[in-house]
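Naming follows writing order (A, B, C and D), and every chain is counted from residue 1.
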Amino acid sequence: MSAGLLFLVLAILAVAGYLSGRWRAAAGGDTRALHSRTTYHGLAVALAALLAGIVTFVLLNLLATVAPEIGSRFVAIASIALALAAFVAVWARITPAFRARNLVETIVLGLLLLAATVAIFTTAAIVLSLVFSTARFFGQYSWSEFFFGTVWSPAFQGVSRLGMLPLLWGTLYVSAIALAVAVPIGLFTAIFLTQYASPRFRRAAKPAIEILAGIPTIVYGLFALVTVGPILRDWFAQPTGLGSSSASVMTAGLVMGIMLIPFVSSLSDDIITAVPRAMREGSLGLGATQSETIRRVIIPAALPGIVGAVLLAASRAIGETMIVVLGAGAAAQLSLNPFEAMTTITVKIVSQLTGDTDFNSPETLVAFALGITLFVLTLGMNVLALYIVRRYREQYE
Amino acid sequence: MTDATFVPAALDPERRAALTRRRYAAEKRFRLYGVGAIGVSIAALVLLLVSVLGGGLPAFTQTFVRAQIYLDPAVLDPSGTRDPDGIRKVLTFAYAPLIKRSLETATAELQPTVPGITPALLAGMVSDGAPAQLRNYVIANPDSIGETVEFEFLANGRIDQYVKGNITRESSAGDARLDPAQLDAADRLLEAGVMELRFNPAFITNPDASENRPEAAGLGVALIGSAYMMLIVLVLSLPIGVAASIYLEEFAAKSWLTDVIEVNISNLAAVPSIVFGILGLAFFINFMNLPMSAPIVGGLVLTLMTLPTIIIATRAALKSVPPSIKEAALGVGASKMQAIFHHVLPLAMPGILTGTIIGLAQALGETAPLLLIGMVAFVKDFPAGLPDGLFDPATALPVQVYNFTQRADPAFVERASGAIIVLLVFLVAMNTVAIVLRQKLERTW
Amino acid sequence: MTLADQQLRYRPMDAVAPALAERPQAAEKVRARDVSVFYGEKQALFGVDLDIPRNKVTALIGPSGCCKSTFLRCINRMNDTIPTARVTGSIILDDVDIYSPAIDVVELRARVGMVFQKPNPFPKSIFENVAYGPRIHGMTRSKPELEQLVQGSLRRAGLWNEVKDRLHEPGTGLSGGQQQRLCIARAIATRPEVLLMDEPCSALDPIATAVIEELIDELRQNFTIVIVTHSMQQAARVSQQTAFFHLGKLIEHGETPDIFSNPREKQTEDYITGKIG
Amino acid sequence: MKTLSSTVAALALAASLPALAAAQSRGQIQIAGSSTVLPYASIAAEAFGENFDFPTPVVASGGSSAGLQQFCAGVGLDTVDIANASRPIRESEIETCAANGVKDIIEVRIGYDGIVFASKTDGPGFTAFTPAQWYQALAAEVVRDGALVPNRARTWAEVDPSLPAAPILAFVPGTKHGTREVFEEKVILQGCEDAGALAAIAALKGGDEDAATDACVKLRTDGASVDIDGDYTETLARIQSDPNGIGVFGLAFYENNTNVLKVATMSGVTPSTGTIASGEYPVSRPLFFYLKKAHIGEVPGLKEFAEFFVSDAVAGPDGPLAAYGLVSDPELAATQARLANEETLDPAS
């Protein structure tokens, strides 16, 4: 019996449960005497049958991965049998006093909780999908070399050196430049739009800027490569003698900064708008100028939210791939010069995973170790962001 | 400290005037920063849009060539029986000489003649897809064998680029794939009206084409793939996201579990998209054995990516509904669940929808995770209808853009920009809907 | 009497009309002439003429939606912050039309302070809340001076004894009544000439209200006060002058006892006796 | 309660998706692997779809490594049928394959990919190179006065006076590319040997040939040699923004862009499908696809497609693959015969 058919049976069972539950509840005649409305009786039967079936199916399938003797036929029959049992059990209990609504609400609450835990399952799945390959990588390559090595040079022939530090440095450097561009511009954009601009200008400008957020990063990458890179090289790097490469940390950082502007500005916009009007009027009523009000009252009040927005933008910068691929070059090196080519963790994840190297070799598996590093990095930043936001909130609420 | 004659310095009118001047200067500066910031953002937007539009609009037109083709029975039906199976056995390779021969006749008629043009060069001016077009026609109309039929073929990508003015005689000098004589012939054919440049809806509706045929490549499969994925994202992430938000916002007690969920959600919003790609590959494809290149996998991965966005927006929307409304419902004897589902949720709906649309728009433009689950693929056949089509191979719009930029023939650059335009149209449309919704339904309490 | 208290009594020269202090001061601090307010196309306030006497409390009363607050907000041009609002007519503060183009809104608001309906302390410490105005206006030269001023303002607002040990805790941590007094302290720290109060007690319990009312009565010595109130009892208790608004029009105004004991207009009488409102 | 009901319905749907998937069967051939082989495979797939009643095969690209990994994941309709690779399958990969039940693998060589050195048409006059020149320009360390010293050459003329006096700026494939391996082996290592450096370094390292080889193929990291992790379009864009640059391209890519690129000879031989097929031009690599024998007969059209791919009409010198830039394999007939007999790789080899 195919699983599709099984689910069809379960669905039919649920519909039947709903209708018959309602009918049985209404059969007493006076529906006003019921504790719960008839719909709830129907839903109780339907939900009980559906859930019993699905839970049995999932559990038995999980069991089947360790005990292969459980066949799919057995799983299907057991699921339907349990669904039927639940159906009958609930249906039989339907009386005017049956607290069907409470039962339905308990089940629904359970479902809501389940939906909320999807986030946890996703995280677990991410960790699981990274951790085995990472373990294989560290079986072939020393962990201390990976975390503290300062040379990144995978090789087809001879010995690869897979030190993560140059990549981490490149990641942080590019992100720092991107934030240095995006945060002031984004913040001032948000301030201007919320505090100074006429409603008409705001209505036109805000969506226009938000379009920047919708442009695929590949477009930004080409923009970096074709336009920004050569301009920076010809106007800044070469005259100052800092470098002659059009692909540089500065190129990628600037373009990524442009990409992040709407990100910072939308978030800050919402946060600034959320600052109570009373706060603003209180300051203006004291004779503060607009800018004094913004600098001394609105920004401090909105600060936790803005910090959160900036950290979110930072995670975004750290995780960005396409712009760096095209804008920053692929050279893994530790350098302070922003006009030199560098590379980031994400770029190397993609390139090592989509490359032509042996898929069992450390050169390919290193991508998973890099992935987990990146994951831990963004996790750390988010915990920090949450901590900051909560601390401030407690202080001012 | 009872000195009544003490006058604070601030009250000295001159100092005060100076201070006021300074304050106004600061105000002006501050405002200028704002104007500057907006200017930079908008300038960047305009620059980007101009480069995309300039490069991509020509992709919506295409050059076509009309030709009279003699469907030679000796080649197409060697057995002479008009047996459909026999006709099918003749491969496209046999059709190419027919086109070559017909074009040769056509050029001979062109007055004045084009010097240096050879049949091979002429045949090179039509798309590589022309033989297949011819073969499909013959299979559909076996009776036409032996007749001369007029066909309209796509012109070869190089010729098309020349007609559009993207390449000139100077810039194509030295191009091994384009002979000056072909350009002369193209000029002549344009004059004669045999060749023309016109709007090409096939760019939207056709599937992708191989690297030899940039002129035939379209976005059809990518559009359907993207649509399927968005459908999955919508169907899954909206209910799950709303359910999770309701739990967290209305029911969750402050506990370690709630904390863990909160941290997880905000973390997932920031996890690099490439990591979701690894997840999709390891979990959905390798563990759950879902097919590669299928919209279902892309949809699931994007759902997981979109969930945090929707949850965050939904929670904000739920929060903005004043507690007094819930209390009013509770006050007339509704259960908490009823109060939320009957009153709070409908009031929060505009905010939830806005968040959902923005989440969908984000998912629509996402490329990196799809690279790892086989969506960067050459897919020629359209996926089936729903729900089976969810498991058929397809690509997605942003991936198609990436795919086009990877190809050797420069004619694909134009198609990449064209695809970006289509993508942007969708994104702008979705964002507009979100904005209109927000403005129409926005409520202040 | 502390220095701060003296400072609070002292009024600076008017920057626009520096010779004003030497002239005999008129009995009216503020004179409104034919003031109308439009929100977009809609007219909200219709040709109001009203004189507000110096160092007295003027109460603006009337049913909700009668635009008392709108009129109040005209006096320090807070309506400027609403993009669609437009004000016509003139409001003369001492000798200066505050709607003339030469007027600096920022200075005006320093001279005409405002206390709002809901307490709105800034998300800063109590001290910083009060010090905010003096700081932005550059009123003090040194830290001790500022501290003096903050202390004086808090004293005048009757809050000093309650908060002197926790000046550096957030102002948002105070009770509603304390918050409102903090906002009053904040407003008087810039030593305004006129203090506008927009239903300052509507969010407070009766005890806190009584404290504020007492405070208003004291502040009257130094400030010209205009208060919008919903409560006729409150108007009767704290004000010397009362103006009655109805549907965007000023119906009548005069000495508070007169208005309450024998109103000239029917509408006023109806309102006072509770027939409308 | 409507919202609630639809929520429940959606959850049920979510739970049933994997089940639906299991019920699916597949009509089309699935191919994954090298992005270098992708263009050829897609041309072949397109032509196959046009000429046969089978669906057009789906060609995914994600690199040889990812393709082979998918290929080796197991046997069955939820795995790919064909993996494209720009290098031969490795021993360890065959082992992983075998461990997952993929035992009978048919190896098919479709032809060769020529690797050429090209620069901007109006750039410096890079017209002729030898491997030794490339080695001396790009090696991280060179032998000078009996010691290994960092390479300090700034211009090509410093390497060899016959070359233009343009700064050294080479865009070479990143270490993820199979092309890089060929480049290292057939240009840099060859150059190292030609220049006599291999022997000199080996002598310096006490006769350790492997260490000498490692030292030879180590490229400069001071910006003279730039790794490109993207594809050739990126190399081209780099060259267009840096006119002094010279890039390493696939022959097919160069042939599609002859109007902006000019190619240099290597050891006096001009790269072309002819010179590469004859072996005169030294830098090329074979391209492969791997086929699961177990899937023949299970996936409709699989063998037909494989045979069509390497048929004379497609992969021969006059076929569409060659027109695109594939160097046709002179031994194509042998490949066709092996495929017809379904000869598999010997797991022991």
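Just so it is clear, a contact is a pair of C-beta atoms (placed from the backbone, for glycine too) under 8 Å apart; a residue touches a chain by one contact, two chains touch by 3 or more.
For clarity, every value in this text was computed on a predicted model and none was experimentally measured.
When the partners of subunit C are compared with those of subunit D, the chains appearing in both lists are A, B.
Taking the mean Cα position of each chain as its centre, C sits at the greatest distance from subunit B.
The chain occupying the central position, as judged from C-alpha centroids, is A. For the pair subunit B and subunit C, the distance between mean C-alpha positions equals 58 Å. Averaging C-alpha coordinates per chain places the centre of subunit A 21 Å away from that of subunit B. For the pair subunit A and subunit D, the distance between C-alpha centroids works out to 34 Å.
Centre-to-centre separation between subunit B and subunit D, using Cα means, comes to 28 Å.
In subunit D, the residues that reach two or more other chains under the touch definition are 1, 4, 7, 11, 18, 20, 22, 35, 62, 66.
Residues of subunit B in contact with at least two other chains: 23-24, 239-240, 243, 371-372, 405.
Shown for subunit A are the residues that touch two or more other chains, namely 108, 111, 114-115, 289, 292, 350, 353-354. Touching subunit D in their complex are the following residues of subunit B: 88, 91-93, 128, 132, 135-136, 167, 171-178, 209-213, 235-236, 238-240, 242-243, 286, 288-293, 296, 300, 341, 345, 371-372, 374-381, 387-388, 391, 393, 405-410. Subunit C contributes residues 76, 78, 81, 83, 106-111, 113-114, 116, 118, 120-124, 132-133, 136-137, 170, 172, 183, 186-187, 190, 196 to its touches with subunit A in the complex. Taken together, the subunit D residues at the contact with subunit B in this complex read 1, 3-4, 6-7, 10-11, 13-14, 17-18, 20-22, 24, 26, 28, 30, 32, 35, 38-39, 41-43, 45-47, 49-51, 53, 55-56, 58-62, 66, 70, 73, 78, 80, 121, 231-233, 250, 252-253, 255-259, 262, 313, 320, 323-325.
Chain contact summary for the complex, subunit A toward subunit C: residues 198-199, 276, 278-289, 292, 296-297, 300-301, 395-397. Touching subunit C in their complex are the following residues of subunit B: 1-4, 6-11, 13, 15-17, 19-20, 23-24.
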